[in-house]
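Multiple structures follow.
Shared chain: chain A. Partners: chain B in the first complex, chain C in the second.
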Partner chain A sequence: MHGTKRKQWSKEALNRKRLNDVKKIKDYRKLVDKVLTLKESQVYDLKSLKSTTELLEINPEFNTAWNFRRDIIDNIRNELDSEFWDNELKFTMKTLKRFPKVYWIWNHRVWVLSHHVDSSIKIWQKELFIVNQMLELDSRNYHGWHYRRIVIQNMERLGNKSLNHQEFQYTTEKINQNISNFSAWHQRVQLISMMFDHDEIANKLDLLKDELDYITNAMFTGADDQAVWDYICWFIEYDNVFKTLELKEYTKMLNDLQTNIVMINDDDKDFSGKENPWCLKVLILIENLQCKRGIKKSDDVLKSKEWLAKLIEVDPLRANRYRYLLDSQYHE
Partner chain B sequence: MLSPERRPSMAERRPSFFNSTGPNANPLIVPHLAGIEDPLPETTPEKVDVLIVGSGMVESVLAAALSWQGSTVLHIDKNDYYGDTSATLTVDQIKRWVDQINNGSIPFYENAKLYVSTLIGSGKYASKDFGIDLSPKILFTKSDLLSILVKSRVHQYLEFQSLSNFHTYENDSFEKLTNTKQEIFADQKLPLMTKRNLMKFIKFVLNWDKEPEIWKPYANRSMAEFLVEKFRLEKPQVFELLFSIGLCYNIDTKVPEALQRIRRYLSSFDVYGPFPVLYSKYGGAGELSQGFCRSAAVGGATYKLNEKLVSYNPTTNVALFSDGSKVNVVEKVIMSPTQISEDSKNVPKQPYQIHRLTCIVEKDCSTWFSEGESAAIVVFPPGSLKSGNKQVVQAFILGSGSECCPSGTCIWYLSTTEQGVRAELDLDAALEAMELSIIRETSTDIGDDEDIVQFGSNGQTLINSVKLGKSFKEYVPREKLQFLFKLYYTQRTSTPPFEVVDPTLFNVNKDTEKFDPEASDNGVLYTSMPSAEISYDEVVTAAKVLYEKIVGSDDDFFDIDFEDEDDLPGSSQDYENAIEDDDEDMGIDKSESAEFVGEMEI
Partner chain C sequence: MSQPLQLLKEKHIAYIESLDKKQNDLEYWLSEHLRLNGVYWGLTALYILDAQDKFDKEQVIKFVLSCWDDKTGGFGPFHRHDAHLLSTLSGIQILATYESLHRLSDEQFEKCVAFITSNQLEDGSFQGDRFGEVDTRFVYTALSALSILGKLTPEVVEPAVNFILKCYNFDGGFGLCPGAESHAAQSFTCLATLAITNSLDRLTSKQIQKIGWWLCERQLPEGGLNGRPSKLPDVCYSWWVLSSLSIIDRLNWINFKKLREFILKCQDETQGGISDRPDNEVDVFHTLFGLTGLSLMGFEELKPIDPKYCMPSDITSKFKKYPY
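This part shows the complex of A and B:
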């Protein structure tokens, strides 16, 4: 576990611990047997529910126990009131706090929310609030982000409206807090695509122009950050960007980016003597796009050869890939 | 005997938290200290390993280190309060202290001038409502003193609060620092290339000692030149980095020192939260030094106040006190220069001056503090004041939430390393600037100007600082700031501004032939007077140097292992985690139980 000092135990302390553990292991085995027997005999009542609770508190990764628990709940559904469901939510929350990365707990929580007697948009809104808090604690926990998408989907279904713009704002917030947040950038890609597909953007040109400013800012502030460059690569290749901007604006965008990236790369070379591999890669991509869209002709002077040669120097781990590209695309 | 007018001690205040959680929780007991909760001893031991005279920061840390190492320690102070040069005093105690300076009984302090409003004492406020530090200090979260506070558990006797707000005074206004990646990214006013340059510098400075190729060529030049030439930064960023983040004193600061200081700030940021510095409530260095004394007492040291060392004879090893009693000192006598008696001839020269101005104002000042906090730092870079200051003026502001002053008041600690007459001019100019600022910032006269506050496209509020500056310039203050207390004094020190204590300072003259027969302090090892440094940085280094001179090596300095009865699986010893860990997931993992690794059985 991160951040805890390891303790060296003396022989007696170790023996004492072993004795304690022997009893614990015995008790645990007894509990497992009890639960499995109940499951086999299909005993669906509150008592067996209690046994699964005991077991899951010790070992929440025992998926069979979760399945049995759901079977029990299904079978005694009619006896259960909304208080039971609330308690079930509390139980998952308690175990999540102790084990925030166990898939089965997240699954169970989603199941409870979907089957809750009072399943309405309110529960999901509360859920969103909880996810926000978890993402405050650890904004790069992909369980959190995946769960967030499920929550949002349910809210959209029940509320009958799209939450894409609000979610887009949220990713901006998260990236502002930490430029390296891959999950947030990834979410941004998903959201922009969805917004275009469902025609949810009032002024497409403005959105894209703002986005261009945003990524330029990110490029200068975090020139070594893979998350930023990956996003830029997606953005300039995204077909809706080309369609909206149209050739003239698109050409200008690529030119501006090229100028800025060259500036950053030259600055890196000046400062540390080495060029920036990300800059070089994106410059090559830009030139490819310029050729693809007819901005550059095939007999124009292409600098990609030069950039690939530099990449071989600066990024020797991938030298063979660059050589392959050089040979296959830029042979004389 | 003891001043009846002292403030409640750390043992007498109800602890506002209990120690740890879980079944083994017990209320924290702060050990008693002679002269505070316990009476002073009537007699002192006949023989000790070490005699320490003066209970300032360095001496108290040393006392604790030696006691826990096993040496017998007698720790005395001629005053009727603990803390010496680091003490935290009430208004009445300051009055007496000022008198003592002016009649010569406190060496190396001079030019003390004091004004106290009649509102304190007979009117609204009592003298002991205030706890005034003679040597105000802030604690960086990544520092050797903090590690020792945790190791020795003295931190349990103290309460700390965070300090996030560092302001730089520029063009008549107080700008707050932007130094984190998030703030740089979000800053609408910074040009893109500047953002890049700042990020490059921050990345470099965190590991600067591993990249000599970048800074070594500038090793003997000033940091300002390095920042401008190598990183292409401009004056506003250079000044912020040097003076507000690095807390340097002037523009000529050399590269290695500045890099060390800037890194100290940046690496302290995010250790416990989004702030680099802590301050202690109820008093700064005064509380900390007292805490170490208590720890030393638990470790076996004997404490006595009102005890003055008259002379020490290095041949017979006998130390003689003013009340006629004696003690045989086996190893060493350590003394603070402020505790010397007549005939002390071996005190090191203290050629440098630190000028301080401490004020108490009847104003809340919370506009300067971050939410939930009660302190801030303001830095006046060279040339920013009306007096044309060549050296920085540093101000440390404490509000009532620090429990050092009552609600509605605030303590302002100003200091400068400027020498001579100019110093007071600079301090006065800084004071005036602060006065003007706090009056207009808390005034309701500015009114609603819609152009001043704007909203950005993503909902952020932006302040139009140009417009704001304009309305300030046209502003004429209607009220005057009420001062409750104003204290000027000059303290002398042997440490030049900007350096660490020189170890040769401690070369005790052992050659008996060179002993001056008239001197009362032959063979005494003198500690260093506090320097102008606002952090506690020099303290542990100085204590360690002395420790090594006494014990032989500093390997076991505070190498304490407190054996707890509840050292069993299940008990959580979170204290050790705080320093080691810089994992992002700390917030979540903290609730899990600790992992234990046993010894391998063969």
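This part shows the complex of A and C:
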């Protein structure tokens, strides 16, 4: 089981546990049978709802019970006031705190919000506050980030206003807290792309230059970290960067990055006696882009082959990839 | 470790056999919602170990049929539970592994195809059931199931493939929906969907190179693979990552020896089974994905597994290839 320490049971301990389980199993199966019988007889009332609460508190993975719960709510909608809906949100929150990785609970929460009697932007604003808190506790939670995008989409829909700039600030905050937070870097790519696509940037050149400063700093701080390098790879290949900077500035950007990366790599060599694999990988990509954009000419001396040969040594887990690239003369 | 690491085949077989004899444990009942999936994981693991006869075929088929949800026309994970695409695929996989799809009546067969296709949404994606959760997991589940049933159609495939392509990310990974972060399990669901529908050529060669790069970066110094950057290794990614690499024909881009060691270190040497990380609690899910990872790498004389279907290759070789 994900992340649960292995326990070696002695015979006595196992017998004790099983003895303990006898009553629990009996009660649990009785409760399951009760809920499923109510479901099959289509008894949609508050009493049935309460039975599903009892069951889901013990086992929030019981998807069928969540389904029944939604059918009950749908059927007695007219009897429910806004306090009910708020309590339903509280119930899912309580459950999520205990089981933050159970998909079914997240789904139910989205369903509740979409069916809430108060369909104004307010409930989603409250929700954003809650998502912030959750991502404070676990800043890489995959569901959490997915959920955040859903909340934002609904706020944008109801408020009829793009929140891309605000969210961009949020990713800066998260990255400043932890430079290895790739979920935040990923979201940053989405946001910049959307802002370009929807023409939401007042001064594109300024934004990209600020971004370049930001990643240059990040590179020096997180040189061992894939997250930063992945983002840099995206940035230098991103079409709008080339279009906005134009060839002269773009050339300078690649050259500056190259100089800085060589410096970081040299520092690593001095310090640990080993080259930094990420530096080498990104140097190869930069050289590839220099060729693609005509910055390097075909008769210039290319170093990618040399770097690939070094990578076989310093990053042996992926040696076959580097061999493949050497063989196929492919330079990234 | 003093002794060389080896695969404890007999222990794993005994562990999988023991799973259905745990009715005295509360956990057995708390996991009903995964039972049909669990039976599929167990059966496939036994098959890879060439020990499928350790399950009573007739009893398993009866159990599968007892999970049929006639109201919706799919399989729930357990008797009386609601049908969902996830458990529906497991039911179909088990019947297909036993070459027993004919145990579904014609009416059930038609209903099942209708249930699966009815969950496709306008943008080509699939919801898991009528409540609207969308995830590339469900696109895969739906298309894999339809493929096993021999019922893929261009009307279903085309929009689904277009949706999958929208889930491709800048870093070479795939997310659970457009805009979502890359995750190795989603690489499998997306690439396998493309492979099953004969649509891998919809990816450019540059994308394939990038996909291979992202996947091989999942291997960590301890040999195990993670699902996203800066996360811990976990045996289940031995399957999600290796099957993906195999589909794009770059299996050897990770280090086999180190991964094998990592998987074998996750075995419970006393009671059998494989866990997510060394010294954690074992379960049938990680046991299967440890074994299938080893099988893909060609270790331990395990039977070959099909990277697209996660089913024994000698079974899937008989499936109709799309386009029909």
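Simple rule for what comes next: the second predicted complex is superposed on the first by the 309 of 332 C-alpha atoms of A that agree within 3 Å, B and C clash if a C-alpha of one lies under 4 Å from a C-alpha of the other, contacts with A are read in each partner's own complex, and residues count from 1 in each chain.
Quick note on the criterion: contacts are C-beta pairs under 8 Å (C-beta built on N, C-alpha and C of every residue); 3 or more make two chains touch, one makes a residue touch a chain.
Everything quoted here is computed from the prediction, not taken from an experiment.
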Exercise for review: Look at A:263 in the shared chain and tell me whether it touches chain B only, chain C only, both, or neither; answer first, second, both or neither.
Suggested key: first
Practice item. Go through the superposed model and pick first if A:321 touches only chain B, second if only chain C, both, or neither. Key: second
Point to revise | Which superposed partner A:29 touches (first chain B, second chain C, both, neither) | key: second
Practice item. Have a look and say if chain B or chain C is in touch with more residues of chain A. Key: C
Exercise for review: Please work out whether A:190 is in contact with chain B alone, chain C alone, both, or neither, and reply first, second, both or neither.
Suggested key: second
Review point. After lining up the shared chain so the two structures overlap, which partner does A:137 touch, if you call chain B first and chain C second: first, second, both or neither?
Key: first
Check your understanding: Which of the two partners, first being chain B and second being chain C, lies in contact with A:103: first, second, both, or neither?
Key -> second
Practice item. For A:210, decide between first (touching chain B), second (touching chain C), both and neither. Key: first
Review point. First (chain B), second (chain C), both or neither: which does A:13 touch?
Key: first
Practice item. Using the superposition on A, tell me which residues of chain A are in contact with chain B and, in the other complex, with chain C. Key: 1-8, 17, 140
Check your understanding: For chain C, which residues count as touching chain A in their complex?
Key -> 24-26, 29-34, 76-77, 80-82, 84, 129, 131-133, 169-171, 176-177, 179-183, 209, 212-213, 216-217, 219, 221, 228-231, 234, 250, 252-255, 258, 268, 270, 275-277, 279-283
Revision key, fill the gap. Residue set of chain A touching chain C in the complex reads 1-8, 17-18, 21-22, 24-25, 28-29, 32, 36, 40, 58-59, 61-64, 67, 70, 103, 107, 111, 140, 142, 145-146, 149, 180-183, 186-187, 189-190, 225-227, 230, 233-234, 316-321, 324, 330, 332
Exercise for review: Could you please specify the touching residues of chain A with respect to chain B in the complex?
Suggested key: 1-11, 13-14, 16-17, 20, 97-98, 100, 137-138, 140, 169, 172, 176-179, 210, 216-218, 220-223, 260, 263-264, 267, 271-272
Revision key, fill the gap. Per the touch rule, the chain B residues reaching chain A in their complex are 181-182, 184-186, 192-193, 195-196, 199-200, 214, 230, 457-459, 567-569, 573, 576-577, 580-581, 583-592, 594-599
